[in-house]
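All chains are identified by letter, namely A, B, C, D, E and F, in their written order; residue positions are counted from 1 within each chain.
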Amino acid sequence: MNTSDLPEHIRLSHGGGGQETQTLIREVFYRSFGNDILLQAEDSALFHLNNSAHIAMTTDSYTVSPRFFPGGNIGKIAVCGTCNDLAMVGAKPCYLSCGFIIEEGFAIAELRQIATSMASELSTNGCQLVTGDTKVVPRGGVDGIYINTTAVGECCFTPPPSSSSLKPGQVLLVSGNIGSHGAVIFCHREGIDVDSGMQSDCRSLWPVVHALLPFQREIVAMRDATRGGIAAVLHEWADQSETGIQIEASSVPVQNEVQGFCEMMGFEPWHLANEGTFVLAVEAQAAQAVLDILRKHRSSAAIIGQVIAEHPQRVILQTPWGTRSFMEPPTGELLPRIC
Amino acid sequence: MNTSDLPEHIRLSHGGGGQETQTLIREVFYRSFGNDILLQAEDSALFHLNNSAHIAMTTDSYTVSPRFFPGGNIGKIAVCGTCNDLAMVGAKPCYLSCGFIIEEGFAIAELRQIATSMASELSTNGCQLVTGDTKVVPRGGVDGIYINTTAVGECCFTPPPSSSSLKPGQVLLVSGNIGSHGAVIFCHREGIDVDSGMQSDCRSLWPVVHALLPFQREIVAMRDATRGGIAAVLHEWADQSETGIQIEASSVPVQNEVQGFCEMMGFEPWHLANEGTFVLAVEAQAAQAVLDILRKHRSSAAIIGQVIAEHPQRVILQTPWGTRSFMEPPTGELLPRIC
Amino acid sequence: MCLSIPSRIVSIDELNNACIDTMGVQRKISLDLMPEPVQPGDYILLHVGFAIAKISEEEALESIKTYREILDSMEAAEQQESP
Amino acid sequence: MCLSIPSRIVSIDELNNACIDTMGVQRKISLDLMPEPVQPGDYILLHVGFAIAKISEEEALESIKTYREILDSMEAAEQQESP
Amino acid sequence: MSIQQLKEHLRHPSVISSLADDINKLGRTIDQPLRIMEICGGHTHAIVKNGLDTLVTQVVRFVHGPGCPVCVLPQSRIDQALYLARENGTILVCLGDMMRVPGSEGETLQHCRAQGADVRFVYSPLETLDIARKNPGSSVVFFAIGFETTTPTTAALVQHTIDAKIPNIKFHINHVLVPPAIDALLHGNRQRPDAFIAPGHVSVITGWKPYELLSQKHHVPIAVAGFEPIDILEAIRELLICHIKKIDITLNSYHRVVSYKGNHRAQELVDRYFDIRSHFNWRGLGSIPASALQFREEYSHLDAETSIPHIPAQDTHPTCQCGAILMGQSHPWECPLFGNACTPAHPVGSCMVSNEGACAAYYRYRGVSL
Amino acid sequence: MSIQQLKEHLRHPSVISSLADDINKLGRTIDQPLRIMEICGGHTHAIVKNGLDTLVTQVVRFVHGPGCPVCVLPQSRIDQALYLARENGTILVCLGDMMRVPGSEGETLQHCRAQGADVRFVYSPLETLDIARKNPGSSVVFFAIGFETTTPTTAALVQHTIDAKIPNIKFHINHVLVPPAIDALLHGNRQRPDAFIAPGHVSVITGWKPYELLSQKHHVPIAVAGFEPIDILEAIRELLICHIKKIDITLNSYHRVVSYKGNHRAQELVDRYFDIRSHFNWRGLGSIPASALQFREEYSHLDAETSIPHIPAQDTHPTCQCGAILMGQSHPWECPLFGNACTPAHPVGSCMVSNEGACAAYYRYRGVSL
């Protein structure tokens, strides 16, 4: 058993969505739980149940701090995030479960606000919360409130989009400006004033995915670019499909304030988390039509690059002056730089 | 809006499974999320999906401390507990999701042990873990590890057992000695030595429920007696069915050590949590046959009482000398008594 | 009832603490309040972590004997009624 | 690169702190290290929470002008090539 | 003998029935049911929960006494606990029962903890030593309540605190004395009970001597009893015989643990640290002279009470029948607030506060319907 | 002018192409490519990430210099940080970059935090004041690293600590000086670079005067440059012209923020608290005299270093080519460990440590394949 890649103790970066998370999943969870469905490693698991057509299931826990931020709160994100993972395999979110872990002393008014946001976001998705659980832990046992949501839904895309089937020539799009969620959260944590109007992109994606249904055959893969940002998605896709990916750096849509934040901290916008922005791989002939639909929902949607045969498993950034470099994969915890 | 039953802040008792938990659910969650499926308030939600027959879904979060205890650990309990909630509506656990929230610094060796226990318990249930999520929070953000599991399964009982359909004359059974999980956990937290051999009853119930399939029409209701103990189940059933419930105090099976622990602390065994013990309401003519099957799995299974027409929504304890008293409903946090 | 439970002493340590057994559950308690010497095997009354009295086994056996007699006489009466 | 970012001063408080704006993101920084007086509207170079220099707008405009000229001459050249 | 065996005997259904028969037979010779007050809430609890009163309805009428140390504690004392708990840097330690008892604003220590105060319950007072050692920067206050049974355990904690020179433990003392309360109850009560069941575990410490003095002074039979069904029925039978024979003495029906003089070691320890308070306010009974303890002068530096601003005592709710219930003039279910405005979750009067209060026992085990 | 506008101009593709063309045209007149060392890792990073070297391959060969303050810090200093962090009751505070740098056992401060140590990163050193105020019972150590750019910010924290009389902040000082390192690099290096790009933001503080002295001493042209693609290309063009015209002077191509004498206020503040250390060990370069700072005698009570047991410096890995790379004798990808045993996650030599190290920049942005 080669476990040399794992240290003795869990680190924050094991939850960062990057390489270390992958190692933990592979070395601990796949070893115990490996099965064909789990090993697909898509945003949602796909299976049949009691003579059904394809059903999708996904889970996520939400520990976001601060709990309320410009553009959303932990409740909104807990519904969007999980429903979005269903949408990314072309499934309509139908039923949601919800597990609250709440710290003794938490304000019930705040809990109400969170529940209200969840309800409103559920209705955007046409999804029902059907089962739940509430645990209260003593002070210090949890940081305020953590929420787990798990959703099941009906697959509407045939075949379901899959991140391991990218082919050279396919076009990559992003559904809007990237990085704002990560920037907003980091700013709030570090006490950076964002009166500037930066807002988390937190939103439900089923409506736009539903609008994309006519192109279900041309859409090869979709992935919401959460932890690790679009860099994580692009690296995973390149890796799984054993193709290269080339991105035009100047086509990647980034809001001014987010770019400013990145320069201040020494970050790249493609490493910042999103909560309602997804990357698509699309057959070239449908790229413009898909872009048009995306733009009806968010005008900043853009074509950002393409799948290439060269540099398999690598993500290449092309500068406007014709030079190229690798896009760095995400490395876990975001740390502000001095150099 | 009458919210007078809710204080301003969450208390431990809001997670205790008793009256205060019910108030919180009703006043906050039902207000935001109310829908027909949720309001069934069974252990698992039942619905159809993509042209399926009945599907059951349930969720629970596990924050148990200590994480390892005689008879199990947080991983075993996280699989049993959730699969048991499916079993209680007569559903076979098929697919499980799992969300880990782990504290930075948690020992990976311990995580492996937990995952191994989960895997073994999944196999007892014939269930697959198909989707997961891992969050790592900074030190102090969580007490070691919390686990949410959510399961979906295929309903095998027609009609599904339901806790609101109890009728006078039906017989109540319990699948084995009660209270050992609650006693073991309390002892460990309070530093009470239990070399005595008390063991949590933590176990998967699908195997015994599967054996009960031939009596699916005679089994009216099943409920695993977790937080709040069998008292919580009996009160909920009496309440929802608007019948009375009468229990023979001396027929309730309690292990000697658990009884001793109760006397020491001033507790009643029916208020202690179980993690693999369930209560059944059964048509009288099938009671003996059901008992026989239960006893094949646990010899301490017993008939403990019956549904009565008098005293609707009350649980009555009958003493061996012919007097009667109410069984107290659970009141949240267990507090050792001096008087 | 100033909740107090009969328990059996399992062992005694040098700090005047005892390990006691209450129907199979063992825990450490203090003998600081015991007015008379006790030893393993003795029964004591336990209140919030302290032994507060030794239970007189003689007296206890006495009452058991009394109740045993009541039971015996009842059984005898029953047998007379339904021979 | 001893990461340092050009930012604009929005306001200055009595404790010698400034609120600065970096492409729309505002935050509080210290003016403790500024060798010359600054006022709202000035551009400074920001390093780990400190303004370390005033950016000479004159010099910056000078380079912009130079590059503008390069661009203009290139455009002129292109137009000559493809009329 | 094993504990198991002993318990089985003391709860044996046939013995219970046989004793109840005896009592009912004996009772044929009296005109009015015997009015017996069980002083201790533990007896109230055992009687109501086990339905012992319903076995002897024709012969005995139970008058439920002051209850338990938790019930008789006035709300202003709980307000003091809440005040201490909310102090920054203070850890308030108490026994489990205290956690759920509301002060005058309806707030409990559990609520207070939910709002951020550091409140911890212990099973044994001695656990406080460890809490203090592990939190050297905090001031730890042990909120001490209890009848004579529990007071020695607080005294033992005081002793360990002093011996181990632990600088950060103080005490809030609420230890009350049962005999003065009985004395007060008997004085000037026209409908005073015909007989008393004296508390068993209080007597383990005090011995049964103090009750002998009360029997003599007030001409009333008293029986010290244990808490098992048969213990209680046994005591009832003895009291009935005394009543019939007009013998006003104190009987010890709890031989196996109660002696005439009690636990001298415990008494000495209590005596070392505490002396008698001139007055103490009992919830439901009002102010009773010499009915509680306080630190002796030389240990007053350990007293947390001195640092608390005066908190006025609350008036009793005008409709609450506690007084009448304790005097044996009324039954819990006859109070208009019973089960309505007054429940264990929101008690109005002392009798509803803990499991051992008469109203709480009826509410939990009997309702209006059983 | 807006910052937006300025940035757009400094990254304008056409201007970049035009400047590259100019350089390539100028280069036709030289036989050998011009060997330019960029001293600062920020320049390395900008050159590799933006592919500027690939635009002028025929004319310029880049020699990547010492990198950044994080890269040059010897492992023994990080071992000291780990030692301090693991002290009970100590909070170690550092800037973000430090969190990921491994000490001699491969452990980083991030790992150390995961094991339970209280390690926190700040964006600005002044945030340390707040941490100290909120944790009066803890000893807070600010682990200070940086070139001349960052040193004044540490000095400002020292000043605030003293002025506000905050008793619980100490410092571990790792501030190094760039000019002595360049001087050391030029001494006795037979393949020394033909020209230097001097660090832009270090020069904001020091002014460009120190580089003028180096130009004169070592007869080499030096250009102070900014970090935008056009800033760098501009500096390259100037250096190329100097080289062709054989003029060994220092040029300031970063007019908009760099002056001849630098930031006197920052210099004074640094001077008040720090003086020159006799020697300091640079990772990759070895011990260099007078190349770092230490607390002045009168402030030595603020020095956390004095309390640390001696931790021996580690030997460099025998196969690591850092020395040769820094001397301009080798390229990162020529090292046999590059991308194998040596990666940013497990760096063997200093050049792989942070984003600004030459090996790390190639690994991240270029690999062996681009």
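In this text, a residue touches a chain if its C-beta (ideal position, glycine included) is under 8 Å from a C-beta of that chain, and two chains touch if they have at least 3 such contacts.
Not measured: the values here are computed from a predicted model.
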Any chain that touches subunit D and subunit C: none
Set of chains whose contacts include both subunit C and subunit B: E
Of A-F and A-E, pair with higher C-beta contact tally: A-F
Centroid comparison with subunit F (C-alpha atoms), farthest chain: C
Reference subunit A; chain at largest CA-centroid distance: C
Mean-CA-position distance for subunit E and subunit D (Å): 78
Inter-chain centre distance, subunit A versus subunit D - centres from mean C-alpha coordinates, in Å: 35
Distance from subunit C to subunit A - Cα centre to Cα centre, in angstrom: 64
Distance between the centres, which are taken as Cα means, of subunit F and subunit B, whole angstrom: 60
Shared interface positions of subunit C, touching two or more other chains: 1-3, 7, 22-23, 47-48
Per-residue overlap in subunit F, given as positions that touch at least 2 other chains: 4, 41-42, 68, 95, 113-115, 123, 146, 150, 356
Residues of subunit B engaged with two or more neighbouring chains: 7, 9-13, 104-105, 256, 266, 337-339
Set of all touching chain pairs, with the criterion as stated earlier: A-B, A-D, A-E, A-F, B-C, B-E, B-F, C-E, D-F
Subunit A contact footprint on subunit B (complex, rising order): 6-16, 21, 24-25, 28-29, 31-33, 35, 37-38, 44-45, 47, 49-55, 57-61, 63, 94-95, 97-109, 111-112, 115-116, 118-119, 122, 128-138, 140-143, 146, 148, 150, 152-155
Subunit E-touching residues of subunit A, taken from the complex the two chains share: 104-105, 139
Footprint of subunit F on subunit D - complex, ascending: 1-4, 6-8, 22-23, 29-30, 32-35, 43, 45, 47-50, 52-57, 59-64, 67-68, 70-71, 74
Complex interface listing, subunit F residues touching subunit D: 1, 3-7, 9-10, 12, 14-15, 18-19, 40-43, 45-46, 68, 95, 123-127, 146-147, 149-150, 152-153, 156, 159, 199-202, 204-205, 227, 230, 255-258, 263-266, 269, 356
Residue ranges of subunit F in contact with subunit A within the complex: 4, 11, 13, 16-17, 20, 41-42, 48-52, 54-55, 68-70, 95-97, 99-100, 110-111, 113-115, 121, 123, 145-146, 150, 229, 344-345, 354-356, 364-367, 369-370
